[in-house]
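In structure tokens below, several structures.
In the two complexes that follow, chain A is the common piece, with chain B as its partner first and chain C second.
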Partner chain A sequence: MKCLMVLLTLISLLPTVVAEELLVVVSESSRVESLTKGEVVDLFMGRYVTFPNGDKAKVFDLASKSRTKGQFYKLLVNRTEAQVNAYWARLLFSGRSVPPEEADSPEALITQIKQTDLAIGYISSQDLTEGLKVVYRFEAF
Partner chain B sequence: MRRFSRKLYFKVAAAIAVGAAIIAALSSFAFYFGEVTRIEERARADIHQLVKTVEKTATIAVYVQDQELAKEIITGLMMNDLVAAVELMSIAGFSLDSGSGSLLNLDHVEKIKLFHPFNETEQIGELKLLADEVFINHNAKGSAVNQAQMLALLTVTTALLVSLIVHQTLTSPLNEITDKFEEVEPGKDIEIKVPRFHHGDEIGSLAKGINRLISSLNRSIESERDMREKTEVLEKKFRLIFEQASAGICLIDGNNLLVTANPAFQNILLKTHSISDAIGLKLTDWFHEQEQLEEFLLKIRHDHNLDTVALDLKLKTQANSRDCWVHCLFSKVMDSDKESGLIIEVLMYDVTERTEREVSTRFEADHDALTHLKNRRAGERLLRSLFNRASENSEMAVILNIDLDKFKAVNDIHGHEAGDSVLVEVGKRLMSLFRNDDICIRWGGDEFVVGCYFDTSRLEDRGEAAIASLGEKLVKTMSQHFSLSDDVTIEMGASVGISVYPQHGRDLERLLTVADLAMYQSKQAGRNQYSIYQPELPAQNLS
Partner chain C sequence: MNIKSYIAKVWLARGWILSLSLTLSLAPIDSLHAGESEFDLTFSGFGTLGVVHNSNDALKFHSELTVKPANNTYSFNADSLLGLQLNARLPKRFDAVAQVVIKDRISSEAIDSLELLFLRYRPSRHWALRVGRTSSDLYMLSEYRNVGYAYLWARPVTEFYELSTSIAKIDGVDVSYVANFGDGVWENKLAYGQSHSVLSANANQFEIDLNNVVVFTSIFTQAPWLFRLAITDAEVDEVDFVTQDLVEGLRALPSQLWPDAASISNVLDGPKKGIQYYALGLQYDSDRWVVQSEFSLTESDWGIVPPYYSGYLSVGYRFDNLTFYSVASYLNNLDDPISFKPPQLPVQLLSPEVVSQINGLYQGSQFAVNAVRGEQRSYSLGVRWDLYPNTSLKFQWDHTKVDMAGNVLWTKPNSMPQLQDEKINLFSLNFSFIFSL
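Here is the complex of A and B:
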């Protein structure tokens, strides 16, 4: 009984623990309303350069060594940032595919997204502001 | 010298070479296929590894639809000699190949499915790789052939080495011995040298054994030769005896067939039978009394006490040829076991002349030269034995005393030759009238005596009549005319006196005397008649 009590207490505490959520966002004016995880993967890993609806996509990434970036790729493709970099290094050779453009900070990324309808990027839920539209939400950490 | 191909060391080398060739061929063959398989498997493993090496990059190229990267991959793979063709296919869009078309339906294609790099369940493409079979095969075969050749070379070298060793240690020394052995002639002393380094082994003992054999053979040949020379001398002597003997010599086997015969024997046969080669013919066929002779020979063979028997035998002769008598000696030939063999030796002399001489001498001694009747001396002996015979059998004998009538007149008128003719005629008539066992004797001059055996003991029963009949017949026969020549006929006649044993006497003199009396009675009664002695006649007439 005591054990059960402890468990219940832990569960009630969870929402406060999951304070930070990762969100994939586009500009409010984008025609894209929502994306599946696969579609997000295909965009961020350079498979497709357009949204499923055919709009050209401009993908933004965070600068290296950002905690959020590490989390994002972990959740998205279960790879470390170094692995993702290595992946892009192979593709760079042919020159056809290019990695997402890196923004120096989340703020800069948000600014970039707001500026163009075709942009897509990821932010921490804490940084969600007006003018952005969430198209994919990572359910749980 | 033997032909090269029949020599031992050639045979051994050939056998080893053939064996080695077969082994080399078989092992090279097996090795070759093993090697080809091994190398091909190795090539496939290499190809698999190659595919695995580029898998990741290919996945990414397919994932991002990067044809440049895909081409790089294909070009890279094609650099490898093992690879004949490559195809990289993306389910979403492109399909690139190395220029040889789709590999979809070809065998021996190494395929690998390419999955979504971030979602392992979604297949996004496929990498196909065709191995260069020609190259692999060529490689594999080249290597295998090399190896097989090495193996074959090794085998052949070993075979050569083995045959060389065999030749040096075995066939070459054997060859020496064989060559020397071929020079060996019986009776000639040749020593076979023991080959070097072989004194202790089998080849050495072979050579020594041959030497021993040769010397012992030579010794026995020498003694054999001596013996043969002696035997030849002996044989020559015996042959001379056999060939030159005046006596006929032959051997007969158990069936009385001639086994061998000398020339003298053949000559005797040639005289009587015109047989030039008698070997194999039956001896007894040539003799009178053949059956008795055969029985006699059988007896000799089975009687242990009877070894040599002499017999005088008469040979059968052809018509119109002389009688031939032979004196034969039959001897059993003993074999080495001292048991009487079936072979009998026959020694045969031609005794015809002697026998004939004997016969004629005996005839002359017993017979009257003119009439060929018995003479008086033989006649007396024969009459006595006639009486003995009659006495033994309790029978009678009859004596007929015959005196020719008027014979003196014949001599006087016609001469002594005519008289002799008459006497010869009388002899003929007597011999035709009386039986063979009756005794007809010329007693002297014109006086004849005949003795007859009568098989009836009593004169009174039937004998008197028979005697009377005989007397009548005799008188009748004697009284027939005799034609001296075509125009001279002589009248003949005889007075006969008859006495009977034992009724008229028991000794010859008495019986002759009384027969004489009876004859005088006939003469007195007028001649040409017979009279039987009558005991009651007056005694004064006896003288």
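Here is the complex of A and C:
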């Protein structure tokens, strides 16, 4: 019995495991309600510069070498950051499109997204706050 | 500055001013849209610092015909360049791009360093219209051939890309339509305009203007695949090259002296002749493997540019930040070399000077008609190291066999015909980078 009590105590002390998710978010005032994965790819890979409803999109990215950024592009297009950078170099310098604006931290990115209803970005579910609307949700990783 | 480049400058300036005034006139309407920033400038750039070692003394290397040939065994000018770009987001659905690329060009005209200068209007999500100077979208790397960081190799495969630099830029308009198609994206583009190029042809400078250039490009992308097709039609407008002196000399001869002179001059004469390019491309780019292949066929009515076909297959494997690759490529002419019949001159009736001049015209014509032939194949091995975000280091070895009568991609130390097949080993080390402010 004593052993069982010790075991139960130990289990209760283990940190609660919360599944972390990656979320694609817009400002709550955005006219966009939800996007498919293909539509998220279209925006983040520069295929279109507008949302499917025709509204101009302002895409935000996280700065280089952030863990969330690596996971986002792995889940979105199965590419490393170096591959994504080379891809954007092709689009930018062929004059096709301009890469997403980089925010230094998730907090800075959230601030930017809240400021305009045309913005879109990605965050970890742990950073989700009021004022944001989730338009696409990646499965837990 | 010659008259053509002056006209090109005036044309570009007029188009630019017209486009800007159109944009500005629409600006007040756009200011009603809340939350949309009106004007935004982004400055960015790219560059390559490269050194090339050429094992062969008989043939000098250039990465493209618009760039001066490498003068020494070790050369920094062949691959090194610096590009600067300004993107302007404008009110309404307009934006504009200007790009200058500084490299060791044959041309000394500043306007030839201007790679992009266009105004774009996107009336809807799917359509885009551009006016100004754009890159001709002939082949997979045509639009970003200067951006070493954006591709795997030390430079775009020379067998495939080097001759196409004669039509690298188009001054005109294009319209594109992009739409989702199944799980992929399909883009179709039609461009129309003119092009001006200053090329190196052995020791000579070769200026060519193309008119009525029409390029149709169709690209279907469904990760990890990309397919593309391009069809181009162009008309030679004006040529500034020694061959036009031959044409004038041949046309000045009385037809009784050398009846073939007229037909030979027609073969050599550039203006109004048509050139067509057809290209197919395929890319498979997964997380580990990157495979790319292109094939092209060039048809021409102009004897100086004989029809040719070229292609390559590149296979790369990614291993963390390193990508190992190998490339096999070739360039061949479709037809055999042209042989003109020597003139049968009534030497007893002509002065020795006239006979010598006519024979000179014959030999010059015979040399010129086969001088732009390309017969070569290369095997390359290389590695790209993405050592830090936005920088890459590449090392590449190319082994090239150039046939006796097909060295158009190379410059000989003098203008004498090449007498034997040549084997060349090129070693390239390139540091490429991109940046934005």
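Everything that follows uses one rule, which is that the second predicted complex is superposed on the first by the 122 of 141 C-alpha atoms of A that agree within 3 Å, B and C clash if a C-alpha of one lies under 4 Å from a C-alpha of the other, contacts with A are read in each partner's own complex, and residues count from 1 in each chain.
One rule holds in what follows: a contact is a pair of C-beta atoms (placed from the backbone, for glycine too) under 8 Å apart; a residue touches a chain by one contact, two chains touch by 3 or more.
Keep in mind it's a predicted model, so treat the numbers as computed, not measured.
Student: Have a look at chain B and chain C on chain A after the superposition and call it: clash or fit.
Tutor: Aligned on chain A, chain B and chain C clash with each other.
Student: Check the contacts made with chain A and report whether chain B or chain C touches more of its residues.
Tutor: Touching more residues of chain A than the other partner does is C.
Student: Check whether A:Thr129 is in contact with chain B, with chain C, with both or with neither, and answer first, second, both or neither.
Tutor: A:Thr129 sits against neither chain B nor chain C.
Student: Under the stated touch criterion, which partner chain does A:Gly46 make contact with: chain B (first), chain C (second), both, or neither?
Tutor: first
Student: Looking at A:Val77, would you say it contacts chain B, chain C, both, or neither? Reply first, second, both or neither.
Tutor: After superposing on A, A:Val77 lies in contact with both chain B and chain C.
Student: Between chain B (first) and chain C (second), which, if any, makes contact with A:Thr36: first, second, both or neither?
Tutor: The answer is neither, since A:Thr36 touches no partner chain.
Student: Using the superposition on chain A described above, determine whether A:Ser64 touches chain B (first), chain C (second), both, or neither.
Tutor: second
Student: For A:Ser105, decide between first (touching chain B), second (touching chain C), both and neither.
Tutor: So A:Ser105 meets neither chain B nor chain C here.
Student: Hey, which part of chain B ends up inside chain C in the overlay, 6-14, 24-32 or 114-122?
Tutor: Clashing stretch of chain B against chain C: 114-122.
Student: Could you tell me which stretches of chain A are touched by chain B in one complex and by chain C in the other?
Tutor: Shared contact residues on chain A: 38, 47, 77-79, 90, 93-96.
Student: Within the complex, which stretch of chain A touches chain B?
Tutor: 38, 41, 45-47, 76-79, 87, 90-91, 93-97
Student: Applying the document's contact rule, which stretches of chain A touch chain C when the two form their complex?
Tutor: 38, 42, 47-50, 52, 54, 56, 64-65, 77-83, 85-86, 89-90, 92-96, 98-99, 116-118
Student: Applying the document's contact rule, which stretches of chain B touch chain A when the two form their complex?
Tutor: Contact set of chain B toward chain A: 57, 60, 63-69, 72, 117-119.
Student: Quick one: which bits of chain C touch chain A in the complex? Just the residue numbers, please.
Tutor: My answer: residues 35-36, 42, 44, 46, 83, 85, 87, 89, 93, 97, 99, 116, 118, 120, 122, 124-125, 134-135, 143-144, 146-147, 149-151, 178, 180, 183, 185, 223, 285-287, 318, 321, 386, 389-390, 392, 434, 436.
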